[in-house]
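Got some structures for you, see below.
In the two complexes that follow, chain A is the common piece, with chain B as its partner first and chain C second.
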Partner chain A sequence: MLSRLFTGYCLIVYAFLLAPIFVVVAASFNAGNFLTFPPQGLSLRWYVVFFENEVFMRAIRTSLWVAALTACISTVIGTAAAIYAVRHAGRMKDTVRVAMLAPLLLPEVLTAIALLFFFYAVGMGTRTMAGMVIGHVVITLPFVFMNVVASLESFDPALDLAARSLGAGRYARFRRIMLPLIKPGVIGGALFAFIISFDTFTISFLLKGIGTSTLPIQLFDYLRTNFTPEAAAVSSVSIAMTIAVVVVIEKVLGLRIHRF
Partner chain B sequence: MATGKRRSATLLLIAPAALVLLVFLVIPYVNIVIMSFRPPGEGAPYGVGFTLANYRKFFSDSFYMLQVLNTLWIGFVVTLSCLLIGFPVAWQLARGESRLRPLYYSIVLAPLLVGIVIRSYGWTVLLGNNGVINRTLMGWGVTDGPLPLMYNGLGICIALTHVLLPFMVLPIMSAIQGIDPSLEAAARSLGASRAVAFRRVLLPLARPGIQTGSILVFVLAISAYVTPALIGGLRVKTMAVTVVDALIDTFQWPFGSALALVLSVVGATCVIVFARLTRMRWKVA
Partner chain C sequence: MTEVRISHLTKSFGAGPVVDALSLTIGHGEFVSLLGPSGCGKTTTLRMIAGFEDADSGVIAFDGSDVSRVPAEKRDIGMVFQNYALFPHMTVAQNLAFGLEMRKIPAAEIRTRIARVLDMVQLGTMTERYPSQLSGGQQQRVALARAIVIEPRILLLDEPLANLDAKLREEMRVFIRDIQRRVGITTVYVTHDQAEALSMSDRVVVMFGGRIAQTGAPADIYDRPATRQVAGFVGQVNVIEGVVETASGEGGHVRLPFGTIEAPRIGAATPGARVALALRPEAVSLVPPAGAGWQGRVVSRHYGGNLVDYRVAMADGTVIHAQTFPTTQFEPGAEVGVHADAARLWPLGD
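Entry: the complex of A and B
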């Protein structure tokens, strides 16, 4: 009896977690002009409106570009740092870890403000996309780092030693031994950086240049004045894109994401 | 000689990350502190010289003080509700025997993978005057008019609890997973009731997870921008919303920095007091 009650309680919490996401997806198929419940029939008209809306389409392209650039840069820098932390840092290991996780522990809004001032102070401003990409790299670094560290720690150093005793040079050992073994962590970290960059709002909002609105920014602006189900269609497409990336991570690569 | 060369080669691995964090994190944060002492500028975001005027403006206006208190109160309520809602779920994920556990786990992770703007938007659809909840209640005849669920502190707390729940569940879950189940069994076999075994064995051992989760949720709640901005509208503003408005809409950079720093210091003080009270041992994951 008690365990029944307990399970029921947990199920309610799971429903609570899914409710807003479910509602958004359901609302996107609404045929009416406004977000009303129950929906006035099923229709894909808001998806058509969305796909014909040049503003949103440009925002999606910007988001994808920023996310791709961020993922590439973050992955290279974060992977190198992870290799250093696990293999070479010695007693400094904990210090390196704390430093690498710092962007995660600091409030995103504060980091965004700090970067905004900094870019103005150095005369770079926010005219280009560069500032936004730098901001995204800073906040996604911890995720790449954690994922690669996790796979490095399950990597047996004896393999490296064996290759060395067989005469393999540093580069060959990295290319042929280490990289293939930590590849899941590296790819997982890269995809994770991509998702975070694609979804993040505050840092993009403060660092966006003229005409470089990402999808979350465009959606936020739209929601402040509009109530049509178009926003729901935009959201659903964005959710679908994220799910696609996650499915790639979990099914195709067979990885577990290390978010913490 | 050879080892020295090797060492400098490995330092190249950490150099890019160190450079990024130094230039784009440490220096900008120091810069905020400097900015908060700048005078407001004419036609520019800030002027030259230094002044205490920004802090004086904050401490002399009870409007901002009340807003800080209100923000902390929201942070407190959200943390507490995340803990109460999240603990049983964390336990179920760590110890449950259901075959559906992987599914439950992905349900807890799912909100993290959906953008914050979308999740907050979902809550406006649910909580609005014409939203799902009010429509349903009115349809059933439970209430005559719409309940005020949005544009107030309640709506912000509900939505933030949802947004931040995974940050509470995941650390507690991993803490419980690290506890040997036989300890509870031992307590039970020694005659402890379920309640006593929970209070005297499970809860103390799960404490590090509870502490980590609470601090994460509290810090994220008081610094959240999107959710309060969308759910609170123009009527209820938290500190983070006021700070961003001061920077983006009115270009009061020095004053905005001072506000942000006051909130950070107050938030950090709360975290330290909490850690002291619960005798937290700082450990790096």
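Entry: the complex of A and C
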């Protein structure tokens, strides 16, 4: 009885989470001229409009580039920070941890304004994509850090000693022993960084360079003057891309390491 | 084979020294156990030999050359860890190959060496298994194989049998010692289990509080313990105290609170001085009460299969621990004659 209640409860939660996605995807197949639900007739016409829209296509390319760069940089820095915090920080461990998670505690808009002032103060401004990527790295770092810390906590330090006793230097120990064992955390962190960067609005809005609008910004711009199902098509493609990235990375790199 | 010479090795963590000016030489191919309670410094000593900890002062030399500043990965040691520390993402063969790959050994030779060592530990068919697919005993043997396949100068074992069940533990004692003899490797074995230390070692080093309390062959440690602490830690013991009445040669006549005994050795004690004598429980036998000799009353009896454990209260209240074969048994409460094998009495220092 209790387990049936629990199953029902889970279903309600899932419905709550997934219903908006369902509505958006359904609305994108609308044949009519306005963003309505339920859709009026079935058609792919708004997808065609979207894929022929040069502005949206450029925004998607920008978004993918920024997300990929952010994921790479964030993963390297976040992994290094996590290894330091867990293995080498000693009594400083909690301090390092709080410092690394600080970006989560600040409202994103404050982080963005602070970075904006900083970029102008150092003369970098926001003419290029660099500022936005740095901003994305700042907000995604805690996610990489937390993921890698979690997998490092279950890494047995004796394995490192065993590898040392067998003659392995620092690099060989990292490459052959630690990295394969914390891989799920590293990849999980990279996925978070990619998805958060791909979806984030506030940071991008304030830090975007000239002609470097990401998809969420372009969509926001579009919705200010239009209300066609093209917006739903954009969202659906964005959702599909996010899912595709997760699936591809899972298949190629594997989120599991042990056979058992 | 390598000789390990440790001199005045000291290491502190915060408060007092964990290892305190320890000096010890381990001969070529010798099997030495470091035995002591937890916190006695035995594991820290082993970790310093391995190079995982730096000594505060003192020297560790392999065959005369100081390795104190050589990092662990260059010391050429094989180590077996208490939890085995097998690489979970590698098969048995990959675990064994790791150390050989680090030494840039050609692939063909790696294969033959792995096959030979796995044969030795009787795991020849397990090469493609992952550690999680092996039993505890098998993992233990893989860990041993991984440590010896690199043909290290010294083999270090840190409580390797602590996680195995009792029966397997006894089999592995014989197994490890057998392999160590065949390979002929200098071995340091850390344990808190006196039975392991006694049954496996050429020499046992008993440690308390970071210092060596006694070093000697297993029989020396057991039959001729240097101090009360050693006697009490290595096996069970009755410490009986008395006053020397007369001395003759090495021995003397000792008056105890519940009788007298002719001790063949009284150490440095002179007539009139107090002496503490170690008497192992299996050197005490119980007989039906007779007029002469020590008398006591059985307080408790514990049947242990091969031996029966008695506590016997003597006339003055002293409790003597006796272990006898179960052929004749006495009920709790029974009056008994207590007979001590005087040849097994050993005077203890402080």
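Definition applied: the second predicted complex is superposed on the first by the 226 of 260 C-alpha atoms of A that agree within 3 Å, B and C clash if a C-alpha of one lies under 4 Å from a C-alpha of the other, contacts with A are read in each partner's own complex, and residues count from 1 in each chain.
Quick note on the criterion: a residue touches a chain if its C-beta (ideal position, glycine included) is under 8 Å from a C-beta of that chain, and two chains touch if they have at least 3 such contacts.
Keep in mind that this is a model prediction, so the values were computed, not measured.
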Touched partner set for A:Leu17, first chain B, second chain C, both or neither: first
Of chain C and chain B, partner touching more chain A residues: B
First, second, both or neither for A:Asn30, with chain B first and chain C second: neither
Touching partner for A:Pro180 - first (chain B), second (chain C), both, neither: second
Touched partner set for A:Thr70, first chain B, second chain C, both or neither: neither
Contacts of A:Ser204 with chain B and chain C, given as first, second, both or neither: neither
Partner chain in contact with A:Thr62 - chain B first, chain C second, else both or neither: neither
Partner chain in contact with A:Tyr120 - chain B first, chain C second, else both or neither: first
Doubly contacted residues of chain A, that is, touched by chain B and again by chain C: 257, 259-260
Residues on chain C engaged by chain A in the complex (per definition of touch): 50-52, 71-74, 76-79, 81, 83, 85-89, 98-99, 102-103, 130, 132-133, 146-147, 150, 156
In the complex with chain C, residue positions of chain A that touch it: 156, 158-159, 161-169, 172, 176-177, 180-181, 257-260
Footprint of chain B on chain A - complex, ascending: 6-7, 9-10, 13-14, 16-24, 27, 35-38, 76-78, 80-81, 83-85, 87-89, 94, 96-103, 105-111, 113-118, 120-121, 134-135, 137-138, 141, 145, 195, 198-202, 205-206, 215-216, 219-220, 223-224, 231-232, 235, 238-239, 242-243, 246, 257, 259-260
Contact footprint of chain A on chain B as seen in their complex: 10-14, 16-18, 20-21, 24-25, 27-29, 31-32, 35, 45, 85-86, 88-89, 92, 98, 104, 107-119, 121-126, 130-132, 135-136, 159, 162, 165, 170-171, 174, 219-220, 223-226, 229-230, 240, 243-244, 247-248, 253, 256-257, 260, 264, 284-285
